[in-house]
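Shared chain: chain A. Partners: chain B in the first complex, chain C in the second.
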Partner chain A sequence: MSFVLVQVIVGGLLLGAVYALFSSGLTLVWGMMNIVNFAHGDFVMLGMYVAYVVYTLMGGGPLLGAPLATLVLATVGVVVYFALIRDIMKGPMLAQILGTFGLALLLRYSVFWWFGANFLSMPQNIVGGTYAFAGLRIEASRLLAGVVALLVTLGLHLLLTRTSLGSKMLAVAEDQTAAQLMGIRPDTMQAIAWGIAAGATGLAGALIANFFYIVPTVGETLGIVAFVTVSLGGFGSVPGALVAGLLIGVIESLSGYLIGAIYKDIVVYVLFLLFLWFRPQGLMGKM
Partner chain B sequence: MTLKHVTGLLCAAAMSLVLAAGARAEDKVVKIGVILPMSGGTASIGAHAKAALEVAMNIINNAHPELGNLPLAKNTGLAGLGGAKIDAVFADNQGNPATGQNQALRLITEDKVAAVFGAYQSGITLTSSAIAEKYGIPYLNSESVAANLTERGFKWFFRTTPIATDFAKIYVDFLADMKAAGAKTDAIALVHDNTEYGTSVANTISAAFKEKGQPVALDVAYPVNATDVQGQVLQLKDKKPDVIIMISYTSDAILFAKTMQSLDYKPAILLADDAGYSDPSFIKAVGKISQGVFNRSSWVVGPPGSASAVIADMYKKKSGEEMDDTVARQMQGFFVLADAIDRAGSTDPAKVQAALKATELKADQLMIGYKGVKFDDKGQNILAAGAIIQLQDGENYVSVWPKANAEKPPVLPYKGW
Partner chain C sequence: MRRLIWLSVVLAAAIAYPLLLSSPFQQRLGALVLLYAIAASAWNIVGGYAGQVSVGHVVFFGCGAYAAMGSYSKFGLSPLFGIPGGIVIAVGLAAIIGVPTLRLSGHYFSMATIAVAETMRLIVTNTDWLGAAVGLSGPTVPRNIFDLSFLSSLPYYYLFLVILAITLFITWWMTNSRMGFYLRAIKDSERAARSLGAPASRTKLYAYMLSAAFTSVAGALYAMMFGFVDPESGFGILISVKILIMAALGGAGLLFGPLVGAAILVPLEEISNNWLGGKGAGLTFVLYGAIIVLIARFQPGGLLALFTRPRKPTSETGATHAP
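Right, the complex of A and B next:
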């Protein structure tokens, strides 16, 4: 195997871990209440801007920016749940789709209005440097994002499967009425789910901001990837999103290098559709 | 009635007020439809262009004797139409050719604009100008460089900017000079997106080099608004071309700069074809890791007090940004269109078209470094010109070629970070 190929695969894995990180929130919300959040990409964008504001106003790096972005977005998530989601869940499917779509546009154009359309970028020295060993080059900021992505995704999985809070959330997802009879408040559980999902998404945004450009429309570019990752991994499955993210990252990088970048999306989406043909529930989703 | 109903009604009322305000009638106004990317991945360009055109309207609509020979600056409004004011109706193309086409239709049929101006991306200029042609409304384009735009036999389409064939020639000559100065320029790679702009400019450049007996060694195409370009940069690192010519919009240009740094790859010469590399937000975001990148430009700030310096100052006050080549070409195009309407003495489309055809502006009547403005039968400005600039310190471009107008000599090799 040629040396460059190893670099391509490593790059793809790191990219994939980040895809997984910003997709886990989307899959969680879907698993809990069957809502597709079209504003998801714009949550990532908000996380990036929080990290940027923390840097420009307070001179803080990712040590301050990432937790703050998590906190701010978790709050946004809870507020959005009570102000919008709780009501539109009672409406028809179309209202749910258009509701979160409207939210996406509202967030995007608020940021447009506040920050303008200019591209922003974090300074190089915040998570600076590139590790080179055995000829491989790994960017510190991507490595940080990749490692945190793995930890957070695992953490979310453990939270859902190993804690009483997780059991309560799953109970609400399974059967709201039954959960209510057991003394679990569906409202509270779903609000917590939105908080966690949006918080994880904000964290992802803050970490991605260290190596990506920041612009109000960045959510469009990243949102599509999140949807593909979630449907390949299986709607509602956090580990599925992790595996799917890594797979998509590697396939994208490899086909971009070997066949040509212009064809890489064709390769990714043909494989994606073929896979769904055989396994419509995704890698780890339930039917 | 619940609170929600009240809020809903209030929203509806507010919206109708906004709409009504937009439709307020004004007398003695010449409306020009302006199609720009106000949202989407190139929205920063649209925001800058809007500020620039507002400065241009200020110059046209008010008296600015300090601007010397610049037509329309001296008196208020258009003298040819009894002092009528120019009013731009801005429309968002959302970075989408179909949207641009719809906006052209709306501007022409509903806003009844006298002429259409736009639309930045070549692919959108292509679709929106077809509508103007169908309705017989003059369309002036100031910044789209795809060669085929003026090869369609259109009667209502005029373009002031130098185009891909002009730049291809500049690149060939520039690299020949660099080779004569001792640089290695044998293997050339083209990196471009898959839009109308990216593919057509790449084709034109590659044809020009082929004609000189130096076929392009590597062609790297990528989908526009990429999420990741590591594969492409590794491909370049693998093949080691001497010169890379980048044809990219802002988002991809930034991503390439960051990825080239992280993978520690620098070609000896990095030459950019305007677009993203002229966007001030590119320089702010990654200028410091793109030191020494060459770029093309028709814009050079003149000495203090010159028309171009005064305008650059006005623009900076308005937008907070330094004037760049793209907005300068847009402003210049807008002046040419306003000048034609002024000379036509009417908003009658046929008269404006005839005035555009008769345009003959000299270099000293312009704010930009063209040799003049004069359209050929296809509507292309045959006096358009350009130069090569370099981002030597990572903050400001300086002109480096041709030698006659250069502020500084070119610095080789590409420094990066």
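Right, the complex of A and C next:
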């Protein structure tokens, strides 16, 4: 294998870890409440803009931008839950899809209106240069994003499986009434889930803002990526999202390198449709 | 009987509108309302009656628009000849999307429709034969009447009115046929409908294909009126959004819901564009987003459902649904 190919795969894995991070937010909410957040990609977009504002207005780097974006988006998530999700969850499917889809538009075009449609970007070396590592050249910003995303995704998995908070959330996902009888408040747990899910998107957004193009419509593409990841990994499964996210990152990078950059999104979308045709339960899921 | 009277009043008003309010702006506005009402009514067949929320409906719109413009700019034929071609492509595409996804929960279907629309937009943008980012144009100077290229909006207005009437008639006829009963049953409870032998997936697929055909016609008409189509106006997600929000605002699953939605939102957008100029584009969609959220939160049935509420009986017998 040529060095370039290895380089492309490593780049794909690092980006894929970030995909896994924000997709695990989507999979958490979907698995727990059976509601799909069509604004999920736009949450990531908001995270990117928070990081950008922190950099331009306060001169802060990713060390300040990332925690702040996490915090801001987690708040947004909780507010969205109480203001919108809690009510539309009980409504018909049309209301559920329209509600989060409308939210996506609202966020996307508010940012569009405020910041304009121009591509913004952070300075290339904000995190610090490029590392040469056994012949591979890796940008520090991508390395940071990939490693942090991987660790946080694993942490999220541990939170859900090893802590009492995680058990309570699973209990609510399993059977709301039974959980309520055990003294767990479904409302609180679901609000926490939305906070965690949106916080993950905020962190992911702030991490990729260091090397990605920042534009209001980026959320549409990222939203589809998250959906593809979740349907590949099986919904409700964080490890599934991790594997699928890494896989999609690599596939995207490889097809961008081998076929051409404009086709990398097409490849991912077509892959998604093929999966729906042949294996709708995902790689690991059971129907 | 009362419905018949109402219907004739509305029809008479629609026929008289461009003659009474005859400024070019008003006629154009009227034509646009009808055009979007066609597209939204087509969406309503699958989104409203079948309860499958397609958020990438623009893909069929684009098929029709490109087929119409393509038949002129590639083969030198009247754009009219593109309409059947556009319908065939749209229906075929609907089958490709629908067969796998309509078996799954509605979310998969919605997301798949977005993915397909985005894929088509990217492919068309990168295909030189289809004019890439520039798109295709129609006849600049009409060669004969079949080019359907008019300066005034008046001929378009009446053409759109006829097509809208056909769309609504077929929708109405569908809701009263066996398929309509199946659809209502599936929408209420798919599991119950299946257990009683209603072919759920197939019925939803037929509704989707029918909807795709009409959306394709709407796209062709749009391209003829504007004389060109490019990837954004043919396959852009914002067209999907407009179609969806008009149907949902007026009332998804109600025959005249989409028309009411279009009659409210099209003038709103034209006026806000006239006021704010190019800067208004972003703001219009902020407003659209807010409207969609509010509908979903407070009035998922749409505005018309406010007036038809008494018709929703607590004991569902099915017999009360006769229109």
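What we mean here is this: the second predicted complex is superposed on the first by the 257 of 287 C-alpha atoms of A that agree within 3 Å, B and C clash if a C-alpha of one lies under 4 Å from a C-alpha of the other, contacts with A are read in each partner's own complex, and residues count from 1 in each chain.
Everything below uses one rule, namely that a contact is a pair of C-beta atoms (placed from the backbone, for glycine too) under 8 Å apart; a residue touches a chain by one contact, two chains touch by 3 or more.
Remember, predicted model here, so these are calculated numbers, not experimental data.
Engineer: Would you sort A:L151 into first (chain B), second (chain C), both or neither based on which partner it touches?
Structural biologist: A:L151: touches no partner chain.
Engineer: Check the residue A:I262 against both partner chains and state whether it touches chain B (first), chain C (second), both, or neither.
Structural biologist: both
Engineer: If we overlay the two complexes on their shared chain A, which of chain B and chain C does A:L136 touch? Say first, second, both or neither.
Structural biologist: Neither partner.
Engineer: Touch check for A:F112: first (chain B), second (chain C), both, or neither?
Structural biologist: It touches chain B and chain C both.
Engineer: Please work out whether A:M182 is in contact with chain B alone, chain C alone, both, or neither, and reply first, second, both or neither.
Structural biologist: Neither partner.
Engineer: Examine A:M58 and indicate which partner it touches, taking first as chain B and second as chain C; both and neither are also allowed.
Structural biologist: neither
Engineer: For A:L15, using the defined touch cut-off, is the partner it touches chain B, chain C, both, or neither? Pick first, second, both or neither.
Structural biologist: first
Engineer: A:V6 in the overlay: touching chain B, chain C, both, or neither? Say first, second, both or neither.
Structural biologist: In the superposition, A:V6 contacts neither chain B nor chain C.
Engineer: Could you give the residue numbers on chain A that contact chain B in one complex and chain C in the other?
Structural biologist: Dual-contact residues (chain A): 109, 112, 117, 220-221, 262, 265.
Engineer: What residues of chain A sit close enough to touch chain C in their complex?
Structural biologist: These residues of chain A touch chain C: 30, 36, 38, 84, 87-88, 91-99, 101-110, 112-113, 117, 220-221, 224, 227-228, 231, 262-263, 265-266, 269-270, 272-273, 276-277, 280.
Engineer: Along chain A, where are the residues that touch chain B in the complex?
Structural biologist: Within the complex, chain A contacts chain B at residues 4, 7-8, 11-12, 15, 109, 112, 116-121, 124, 130, 132, 137, 139, 142, 211-213, 215-217, 220-222, 225, 252-257, 260-262, 264-265.
Engineer: Provide the residue numbers of chain B that touch chain A in the complex, in ascending order.
Structural biologist: Interface residues on chain B, with respect to chain A: 38-41, 43-44, 46-47, 194, 220-223, 225-232, 234-235, 237-238, 250-251, 254-255, 258, 261-264, 279-282, 284-286, 288-289, 417.
Engineer: Quick check on the complex: what are the chain C residues that touch chain A?
Structural biologist: Chain C residues touching chain A: 47, 51, 53, 55, 97, 99-101, 103-104, 106-108, 110-112, 114-116, 118-119, 122-123, 126, 237, 241, 244, 248, 252, 282-283, 285-286, 288-297, 300.
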